[in-house]
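Two complexes are shown next, each including chain A; its partner changes from chain B in the first to chain C in the second.
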Partner chain A sequence: MLANFLIMLQNRWPEIMIGTWQHIQLTLVALLIANLIALPLGILLTRKRKVAETIIGITSVFQTIPSLALLGFMVPIFGIGFMPAIIALTVYGLLPILRNTYTGIVGVNQAVIDAGTGMGMTSRQVLFMIELPLALPIIMAGIRTATVMVIGVATLAALVGAGGLGDLIFRGIAMARQDLILAGAIPVALLSILFDYGLKKIELFVQPKNQ
Partner chain B sequence: MIVFKNVNKLYNKEFHAVENMNLHIEKGELFALIGPSGSGKSTTMKMINRLIEPTSGTVLINHKNIAEENPVTLRRNIGYVIQHIGLLPHMTIGENIALVPRLKKWDKEKSSKRVDELLEMVGLPTKTYRNRYPAELSGGQQQRIGVIRALAGDPPIILMDEPFSALDPISREQLQDDLLDLQTKFHKTIVFVTHDIDEAIKLGDRIGIMQAGKLIQVDTPERILRHPINDFVRTFIGADRINQIEKYPAIEEVMIHAITIFPTFGLAEGLTKMRKYKVDSLLIIDKDKTFLGVANAREIQKHFSNEKIVLSDIMKRDVQTVKLSQELGDAINLISEHNVEFLPVLDESNHLKGLITRASLVDVMAEQMRTNNNDADVEEDK
Partner chain C sequence: MRKFILLLISILMALSILGCSSPFGKDTNTVIIGGKNFTEQDILVYLMKGVIEKNTNLKVETKAYLGGTNVVAQAIERGDLDIYAEYTGTALVNILGEEYTPPSSPEIVYEKVKDIYADKKQIIWLKPFGFNNTYTLAMRTSQADELSIQSMSDLAKQSSNLKLGATHEFLERVDGYSNVKAVYDMKFDLPAGMDPGLTYAACRDGNVDVIDAFSTDGRIIAFNLKVLEDDKQVFPPFYAAPLIRADTLKLHPEIADALNLLAGKINSEEMSKLNAKVDLDGKSPNVVANEWLADNGFL
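This part shows the complex of A and B:
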C-alpha cells in the first residue's frame, strides 16, 4: 500500500504541484477579494448599525447554501473555469471576515472610544488609533476562519473546471483509487494547517501588546 | 468663562434632559455639578465639549458660541476625564498621556518633557511607569493617569465626569487630594460631575444641584449646607449634614450674663465688683448699654496706686466681639483664631447682650457630643 502510494506520488508529482499551485491561487485571490469587500464593509456597518444586522444576515444566507450547490449556480451565470470558482469562494469567505470585523469593532470598550472622542480625535483617528488596533485579534480570527474554509471548499472548484487539488480527489473517486484521493487530500490539509499557522504568526506580530 | 444661556436638551421631543439651563462658571473655579442619576448633570457637562448638542440655547466659552467652532479643535482644548478611565489599553502610560499633545502635533521633545513632568507631579516615577501598560496599574493609579492625561495639552478647561466614583474609598480620597493640589497649582476651570455630596463639598468652590433636568440651586458648599433652597436639596445633602450645623444652638442660648460697669467708675470700685462676682474682666458699657471696651484685673492692679484715673482710662477698646446674628460656629472660630478667653456678644447697634466664654462653649460641645452619641445609639438599635 505504502509502496504503491510512494510510486504514485512519484508519477503524479507534476500534477500534484500544479494542483497545489492552482489551489493556492484560487484561495489567495478569493480571500483577497473577500477581504477587500468585507473589511471596509464591516467598518462601514459599525457606522450604520441599524442596517448592520440585515446585511450580515444576507451574508449568512449565502453561507447556508451548500458549497456544491453554490458552485453549481455559478455555472449558468458565469460559465466554467477560474471565474465562477473565484466568485463562489469569495462569497463563502465574506461572512466570517465581515462578522468578525463588525463584532470586533463594536466590542471595543465604549469608555476608550468616549475618551478618544472627548480628547478631540477625529472619527478617522478613533478608527485607526483605537478601534482597529483593539479589534485586530478578532478580525484576524475571522480571516483565519475564512482562509481554512476557503481552502477546503476550493477542492470543489475542480467540478466547475477551475482545477486545484480537487482534480486529483475527484479523479481518485471516479477511479476508486484511494492513493489518488490521498494525493489530493493530504496537500489540502497541509495547506490549511500552513496558512492557519502563518496567519497566526502574522496576528501575533501585528497585535497590540499587553492587554 | 463658560456660560449656558437658556440651554435645553430634549430627547425624542418629549424627554427634557436639561431644561432652561442658565449658568455661569467662572474662570479658575472648580464647579461641582451634582444630582441623582438621570438629573441631566452629565448631559450638561457633555454640552461643553459638544459630545452632546443642545436642542436650543447657546453655550459660550470666553464669549464665543461653541456651536460655531470645530468640535475636534474645541475638544483638544478641553481636558476630559471619564468615570471608566478610558486609557487606551494598547498604548503605554507615556503614550496615553502624550495623546492630546500628539493630536495637537506638539514636537516629540516637548510632549515627552510634559509627560515626565506630569508623572512626577502625581508621584508616579517616570522610570517605573512611563513604559508600562495601563493593565499593569491599579485602578487608582490608572485614574491618576486619566487626570494628568487631561492636563497634558494644557487646556484651560477640564471636564470630569464622575471620575472617582468607581474607585475604592482610599484611592478616592487620595485622588481628591491630588486634584486639589493640582488645582492650587494650575487654577484650571474645572467642571466636576458627581453624585457624591461629600465629594462635591470637599472639592467644589461652588456646587450646582440638579434635579430632573433643572438647576435648582447654585452656591458655595457652605451656603448650600446652611440654606438649602427646598426639601429636595435638604434631602439630597442629607439630614445628618444639616443637623451637624443646626445642632449648634443659637448664640443667644449659649451666652451668659455679662458683668458690666460704667466707664466713669474708679479702679477700686472695679476691683470690688470683680471680687464680688469672681471674674477677672469687666465689660464696660455706657448708660444705653453700648459696648465700649474691657477692663481686666491685671491693668487695674498695675494702675491701682493712681487714684485719679477711672476705668475708661485703662480699658482695652479694641476687643474681638461677635454679633448676635452670627452663628455659634463663627464664635467658636473667633475664639480659637484670636486665642481669646471670651467674646462679648453685641446686637446690630453695638449694645451689649451677653458674653460667650471658653467655659460656656465647652458645655455646649459636651452637650452636643452627648446627643450625637445618643443618636448613634438609636441608629444602632434600629
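This part shows the complex of A and C:
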C-alpha cells in the first residue's frame, strides 16, 4: 500500500509540482488583492463607523455563498481559467481581513489614543503609531484565517480550468482513487500549515517588542 | 394542555418513523433505480421507471443524479440500488479494470461484460437501449473547417497549436486522454481540467479549442461543434443497457420484460435530442422521459 503510494508519488511528481505552483499562484494573487481591498477599507470604516456594519454585513453575505456556487456564478461572466477563480477566491478572503482590521482598531484603548492626541499627534500619526501597532495581532489573525481558507477553497479552482492541486483531487474522485486524492490533499494541507507558520513568523517580527 | 402537546409530539414521531418506508428492511414491492450525475442518466432513470410502472405492479423509487460511475456501481453491488443504466465500455474498463483491445465490436464487448457481471457480481445486463454514448473529441466546426481537420489523426498533426480542455475523468482514465495521446501522438500543451458542465461552452466561447465530448450530448449540435472521427478506434464502444441485481430479478422477473421493451428503441441521434431538451431547453428529465414514452406508445 505504502510502496504503491510512493511509486504513484514518483510518477505524479511533475503534476504535483505544477499543481502546487498553480495553487500558490492562485492563493497569493487572491490574497494580495483581498488585502489591498480589505485593509484600507477596514481602516476607513473605523473612521466611518455608521456604515461599518453595513459594509461588513455585505462581505459576510458573500461569505455565506457556498464557494462552489460562487465559482459557478463567475463562469458565465468571466469564462473559465485563472480569472474567475481569482475573483471568487478574493471575494472569499475579504471578510476575515476586513472584520479583524475593523475590530482590531476599534478595540484599541481610547485612553491610549487620547494620550497620543494629547501629545499633539495627528490623526495619521495616531493611526500608524498607536492604532495599527496595537491592533496588529488581531489584523494578522484575520489575514491568517483568510489565507488558510483561501488555500482550501482554491482546490475548487480546478473545476473551472484554473488548475491547482484540486486537479489531482478531482481526478482522484472521478476514478475513485484514494491515493490520487491524497496526492492533491496532502500538499494542500502542507501549504496551509506552511503559510500559516510563515505569517506567524512575520507577525512576531513586526509586533512591537515592549508590549 | 401539556399532556396534549406531548401526545401530539409522540404521534408525530411515530408517524415520521413509519413514514420512512420501513427503515429495517427494503419493501419487496419497491425497486430502486439509480443514475449517475449527468442528464442522459437522469432521462434513462425516468424512462426505466416509466416502463416498469406501466408494465408491472411494482413501485419505483428513483435515486437520480447520485454521483460518478464508482458511486453508482458500488451502490448496486451493496444492494442500495436495484437497477441503473451502465455503458459497456465503462463497465469493461472502469469497473472491471479489463483492457479494451481493438479491433473489437460492440457485441464482443457487451457479451464480455455481461458474462463477467453475471459470474462475479450477480448483476444481470439486460438488452441495450440502442445508442452508443462514446467518448470523442470535438472542436468548433468553423475552426475544424479552417484547419481542415476531419479525424483525430488530422488533429494530432496540429495539436501543438491548439488548447485542450477536458474533464478530470477523461484526463485520468486509462482509456481516455493518455491512450489518445499515445495512439495518435497528440502534442497538446498542459490540458485544462474542468467540470463536465463547462467543457462544451468553453469550446464554443473559444476558451479552449478541443474538448472531450460524449457523442450523444445535445450541446454538440446546438453549439455547432464537430465530432472528430476516431480513425484508429481508440475508444471502446459505450452502448447503454439496464443493469439489475440478480436477486431482484429473481423476485420480479417481470422487470426484465418491461425494461427489454426499450431495447434498441433509442438510437444515438434520438438520445442527443432528448439530452438537448433537458440541457438546452431547460425541461426536466422526468417530463422529457414521459413525453418520449407517450409519443412512442409506451404509456
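Couple of notes before you dig in:
Basically, the second predicted complex is superposed on the first by the 210 of 211 C-alpha atoms of A that agree within 3 Å, B and C clash if a C-alpha of one lies under 4 Å from a C-alpha of the other, contacts with A are read in each partner's own complex, and residues count from 1 in each chain.
Note that in this section contacts are C-beta pairs under 8 Å (C-beta built on N, C-alpha and C of every residue); 3 or more make two chains touch, one makes a residue touch a chain.
Source: prediction; values computed, not measured.
In this superposed model built on chain A, chain B and chain C occupy separate space and fit side by side. An angle of 150 degrees, to the nearest 10, separates chain B from chain C at the C-alpha centre of chain A in the overlay. Applying the stated contact rule after C-alpha superposition, one finds that A:A115 touches chain B and leaves chain C untouched. In the superposition on chain A, A:M175 contacts chain C only, with no contact to chain B. Of the two partner chains, chain B is the only one that A:Q125 touches; chain C does not reach it. After overlaying the two complexes on the shared chain, residue contacts for A:D167 are found with chain C alone; chain B is out of touch.
In the superposed model, A:G79 lies in contact with chain C only, and not with chain B. In the superposition on chain A, A:L159 contacts chain C only, with no contact to chain B.
Contact with chain C, but none with chain B, is seen for A:I18 once the two complexes are overlaid on the shared chain.
Following the chain A superposition, chain B and chain C show a smallest Cα-Cα distance of 50 angstrom. Interface of chain B with chain A (complex): residues 49, 51, 72-78, 80, 82-90, 99-100, 103, 133, 135-136, 146, 149-150, 159.
Against chain A, the residues of chain C that register as touching in their complex are 68, 70, 94, 165, 167-169, 171-173, 190, 192-195, 198, 202, 205, 207-208. Per the touch definition, chain A reaches chain C in the complex via residues 18, 75, 79-81, 158-163, 167, 170-177, 180. The residues of chain A lying in touch with chain B in their complex are 109, 111-112, 114-122, 125, 129-130, 133-134, 208-211.
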